[in-house]
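Below are two complexes that have chain A in common, paired first with chain B and then with chain C.
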Partner chain A sequence: MKRSLFSIFTVLVLMGLILSACGPGATEAPAPVEPAAPAATEAPVEEQPAATEAPAMVEKTVVIGFTSSLTGSQEVSSKRQVNGLNLWMQQVNDAGGIKLSDGTVVKFAAQTYDDESNKERVQELYTRLITEDNADFLISPYSSGLTAAASIIAEQNGKIMITAGAAEDDAYKTGNTSLFQLYTPGSLYLISTVDMLKTLDPEAKVAIVHENDKFSTAVVEGLKPYLESHGFETVLEEGYASDTADFGPVINKIVESGATVLLGGGHYPDGSTFARQLYERKAGLKFVSLLVAPADSKFPELGDAALGVATSSQWELVATHTPEEAAVLGKEWYGPTGEDFAAAYEAMTGDKPTYHVAGGYTAGLVLQKAIEDADSIDPEKVKAALEAMDIFTFYGGIKFDTSPEAHGLQVSHQMVVAQWQKNDAGELVRQVIWPADVATADPLYPIPAPQ
Partner chain B sequence: MKLWNRYSGLILPVLVVAALAVWPVITGKPANRESAFTILKAVALASSLNILLGYTGYVSFGHIVFYGFGGYVGIFLLTEKGWSLWTAILAGGAASGILAFLLGSAILRLRGAYFALATIGVNEAMRAFINNFELFGGPTGITLNFSVYRDFGGAAHALQTSFYIGAGLALLALLLSYIVRTSKFGLGLLAIRENEDAAEVMGVVAPRAKTWAYVLSAIIPGMVGVLFFFKNGNVEPHDAFPLHASIELLVMVMLGGQGTVLGPILGAFAYQGMRGYLVTSPIFKDIQLSVSGALLLMIVLFIPAGAIGWLRHRVPPLRRVLA
Partner chain C sequence: MQQINILLASLPDGILLGFVYGLAAMGLTLIWGVMNVINLSHGPIIALGMFGTFFLFTRLNLNPYAGLIPVAIMGLLLGVLIYVIAVHRVINAPHLSSLLATFSVNMIIIGLGTAVLTTSPYNVDFSAGSFKLGSATLLGTRLIAALVAMLFTGGLYLFLYRTRPGKFIRAVANNRSAAELMGVPSTRILALSFGLGTMLAAVSGALIATFFPFNILSGGSYELKSFVIGVLGGLGNPIGALFGGLILGMIEGIIPAFLEQSWVPVIEFGLFVLILLVRPSGLFGAKK
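The block that comes next holds the complex of A and B.
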């Protein structure tokens, strides 16, 4: 009896500890913004007296459904994407919502579940979002694999799904007509980096070492012919498992191959570990570019191991796109400036925005623009507006392929190359080093040898 | 009444699976259909594993390899060779059965912890092989074109059809489990579980019996793999061979009660039902992994013999019914 009571007591204490440990931090729900956030929409905020004089308006709350990876390997980037979307939603709701010509005021609410970075329940959760939670529009999960599974449910139910964090090209070439991609497709990720290398060191010997997953492999498949067409010699091509923790054997191969430049990586957990071990093993490379991980604001926690590591970035605050740029290109500008977006995000989270945050925010912004253009929340009209969209935001150009072969693939957005460098105060900062016309610093090439 | 007494061990599991299959039809809710599909898939996999784990007493930590391998073979034949879903499912099952026969001939010579370790190695080796096997798409796997669903009247009908096939496979798994459990072959397996050397002395040809048990436990997972990846629209190595899924299957079998027909079904229902509830519950959804872990800990602490074992111990009249 005493033993049973002790067991029950132990279990209850254990459960209490787990619940208290997980409770507040698990969701990373954004704190409410104290000062009024800048309006995302360009429409003026309706003042109180005007509202009383205006004809009666019907408020409609549009539910945006999505899963996010609160746990698992995609946790870091997925949470940032959701934070960006939440910021947009808060801003547009605070600004009074979207006003349609028929008097409807559209406001937004989010419904979300944890997909655990795992494909097993993604279809179940998206079906629930659509049929039980009555989601009107969908945002993709983070990562190409999860999005591929979710896209079938979107297509089945005729729901628009705006994808952020799903760069791999194949998902848009399946005959699906419901997906709309914000990111530059995976096959084009490292094109700018190769252009830069051609200028810096045409004789560079390249090692391609990448995570063996859908996204990273798609990036490499796009990279290889481009490297070859520019006359670069690829001395090593190697894939590694997503859960690799010891890169020693891979680094030995890189050193033995005589490579001077490393291109590759995958996602945050493996990329940050890879960068640290490259530094510790003194691999002696002139240039290192890794996917995803160096674009995160946690990356400088690696200290000197982060110095010189570059990444292909969908967006950087220091080289954010501007209305002037849009005017030169003859494109319609939409939404806040990058500085306003970043200030609002910092006020909300105390953190600087990464491209994952910007992607999440822009997913909402694009939906907002489509609803305004369609002057309706009817899915077919909004889809038509998305297909006709050709705009410029702080995040860059937004235009979708409308051909049956690659419907929804992003065709306007351009990437930049960013590199961790030290500023005058000796702090690590991410500088844009390519394309030259938007660069904020010269490339650090070759990167300093570890002490 | 005679029929009930004779087949109660089969009727109860069939009723549970039938109820799961009918639940979404009665409620008319697609969300329930998806939840029921996840549970039925687990029922089929756990019941199959039970043939090896529950009846034969061999712990396999890598049983998911058959689900992944069969799935890959079926999806390849479906997309690249234009086979129908039905024949692809059969081919997936056959491929897994053949793989189990070849593997079983080698690793079933091992016993206890050595066999368990070997099964982990098999799963990881297969994942590494598929990762580098270009015919199956290497690390990016195989993505289905939406035109595949046209034969079923579009994606919506394809998912509905997948559900019914899933229910059929779950039913097939429990029938197989029941037939093995009540056959002479099954008695041989139970004898191996209790004492392999003694079983051999009594005339059971242990290597052959174990190999066939391994083959039978692999066929349905291969078929389920084809169906799941067809429904999901793509297959990738890390989704096809997740080691944690093997461990979850072990938990389901032990939760319900290993060595019984109904046990793994109840275990799969309880485990996946609980996970499904917690992940969508407004209260628990942000801490669902912690809560499910704590609940499992409590179950293991207080009913280590599983639900069926506990019921049989506490309510003796149920011993005849709960086979």
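The block that comes next holds the complex of A and C.
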């Protein structure tokens, strides 16, 4: 009896480990998630009465397939990305769609599923989106890890995938030709932060502590040589598992290393936990920059633990890009202004947009521009339009690498450094502190010691 | 020298955390010891304890430690309910039946929890201060949690050894048929035991919520730790579970001083397999 109990017990623990790695509900049948944007048309093709001279109006609904993490570790940022995409879809459909020269009116419909923040689930669902739902174009899931899984399926099936919320570089350096990246690549993520540190404190001792996932590791791989080339001493480099809850031992290591600056983090759950424990343990750092988490509007829920924490941001409303900026750079401006986008988003959700929202919206905007430029929804023509694209939007510059070595990698978009500071009313607000020419506040350096 | 300093700073923290791990494992091992049921709903119940603290703190402004009382009562009642609905009918069936029954409860709680509470992280914004002890920074929340865990362990010990229902529980654990022949109401005692096990899980969750953010899936990792602690401390030995928890907490404090944090689960579960191989009754002996 006892022996059989032990056997069962051992099997259970192993199963538990496997299940926890795979995420919840991996065996459930996928249920389509209702898109927030209204469906444009019921029938895929609807004949319109022909005008005398103009080409016959034909309405075509293009299906955009994507998964979102409604549950699991990527939920917070993924939902925001999808909210942005849905806003774009709602706006373009409400405006009557895209009108092509042959009379076709292109409208959009979303086909989406909950990927549960699970890579295996992502591959299963993207296969389904392509083969069963006949998605015309794909948008990536949120996070580099999930996007890497989805990109294999997109590439195998030759489907164009606009990748939002996926900064890691490697997926574009393996011969893929169907992926087009919106985010500044991970290897360049913390470059602006290092540039800022160079002016603030060239003697800073840096600890790099990061989540052990594709994105954060890619960021660190790009960061290390840049720090070295700028003469910074890295006194600690440490990775941690994505589900780490207790950062006490890591913080003790940071303190013991003599670091004055911490660069690292990963995603929302670990980053917010890390920030809270740094504050509780009075780590005494002069500057803390974490990936992703501080860019979310939930971050101030940490209270004073959020004060002074900085992040590299793909976009900030207070430093949104403008048509004037595009004119100076000699680039074509496309899409709404940041203020219009933010107002529409707030009207839809009651929340202020973060860069994840902006990324989701811009993913749709880029596809819209490519269809307009191609004057077609033919995938090859749209792909050619994406490869030729060199535009400026409220989100920043969009241009893709077209070399075989890094096809689809984003080469135009720039990041800013944002930091949580207190305004005159004592409320936490996210200020842009670098680059200096777009900064809305001076850097809080060193950050105030916890009381 | 630097590593020794890190070790000295991290070890007290690990020990304090170990008390809470021990409390969580005690609930699992109590149920196992009394009725040979592996409670796979243990993790979600830990998570419900976390949410209990969160809602009592944020909605009723109840101090998290005062909130332990309603959380404990709710945990006890929930356990009795789970026993009556899902476990009692399969208590004498092969082990697989009770495993599936508690796994179903696990899935129901996670499913409902995900639908209602989502999987976004929740945070109890509560601090009990901190103080320096040499190179170590001790958090008030962890210190209080360790004290509460010790109180609950002492209370459980007294209950099992000094009260009539406690003695009944031990009698049923020892030999259910003989206990029934002596007039012990075994069904009620089994329900009470299951309730006590879930109460300990809920209380440990309530304590963990004071120092880590959480969501409905967060109990899973503590359930796995409880399995390891169960093996370390001895299967069915609730007091041994506390010591098992302390050992695990110390391991979590020691390893990061010498290796990367990501090695912690590798070594923890390596130890689990090793103990199963060389001393399957646990370091402190299994239930006799």
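The rule is simple: the second predicted complex is superposed on the first by the 395 of 451 C-alpha atoms of A that agree within 3 Å, B and C clash if a C-alpha of one lies under 4 Å from a C-alpha of the other, contacts with A are read in each partner's own complex, and residues count from 1 in each chain.
Rule of thumb we're sticking to: a residue touches a chain if its C-beta (ideal position, glycine included) is under 8 Å from a C-beta of that chain, and two chains touch if they have at least 3 such contacts.
Predicted, not measured: the structure shown is a model, and the values here were computed from it.
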Partner chain(s) touched by A:A218 [first = chain B, second = chain C, both, neither]: first
Touching partner for A:R128 - first (chain B), second (chain C), both, neither: first
First, second, both or neither for A:G239, with chain B first and chain C second: both
Touching partner for A:Y113 - first (chain B), second (chain C), both, neither: first
Chain B versus chain C as contact partner of A:E301, first or second or both or neither: second
Touching partner for A:T71 - first (chain B), second (chain C), both, neither: both
First (chain B), second (chain C), both or neither touched by A:T174: first
Touched partner set for A:K282, first chain B, second chain C, both or neither: second
Which superposed partner A:S272 touches (first chain B, second chain C, both, neither): second
Footprint overlap on chain A, where chain B in one structure and chain C in the other make contact: 70-71, 212, 239, 241
Footprint of chain C on chain A - complex, ascending: 1-2, 4-6, 8-10, 12-13, 16-17, 20, 24-25, 70-73, 75-76, 212, 238-241, 243-246, 248-250, 252-253, 255-257, 268-269, 272-273, 276, 280-282, 298, 301-303
Residues on chain C engaged by chain A in the complex (per definition of touch): 2, 5-6, 9-10, 13-14, 17, 36, 38, 40, 95-96, 99, 110-111, 114, 118-121, 123, 125, 127, 130, 135-137, 139, 212-213, 215, 217-218, 220-221, 223-224, 227-228, 230-231, 235, 252-253, 255-257, 260-262, 264-265, 269, 272-273, 276, 280, 286
Parts of chain B lying in touch with chain A, wherever the complex brings them together: 29-31, 33-35, 37-38, 128, 131-132, 138-141, 143-147, 154-156, 159, 231-234, 236-239, 242, 245, 275-276, 279-280, 285-291, 293-294, 297-298, 301-302
Interface residues, chain A side, partner chain B - complex: 7, 11, 14-15, 18-19, 21-23, 26-27, 70-71, 113-114, 116, 118-121, 123-125, 127-128, 130-132, 145, 148-149, 151-153, 155-157, 168, 170-171, 174-176, 212-214, 216-218, 239, 241-242
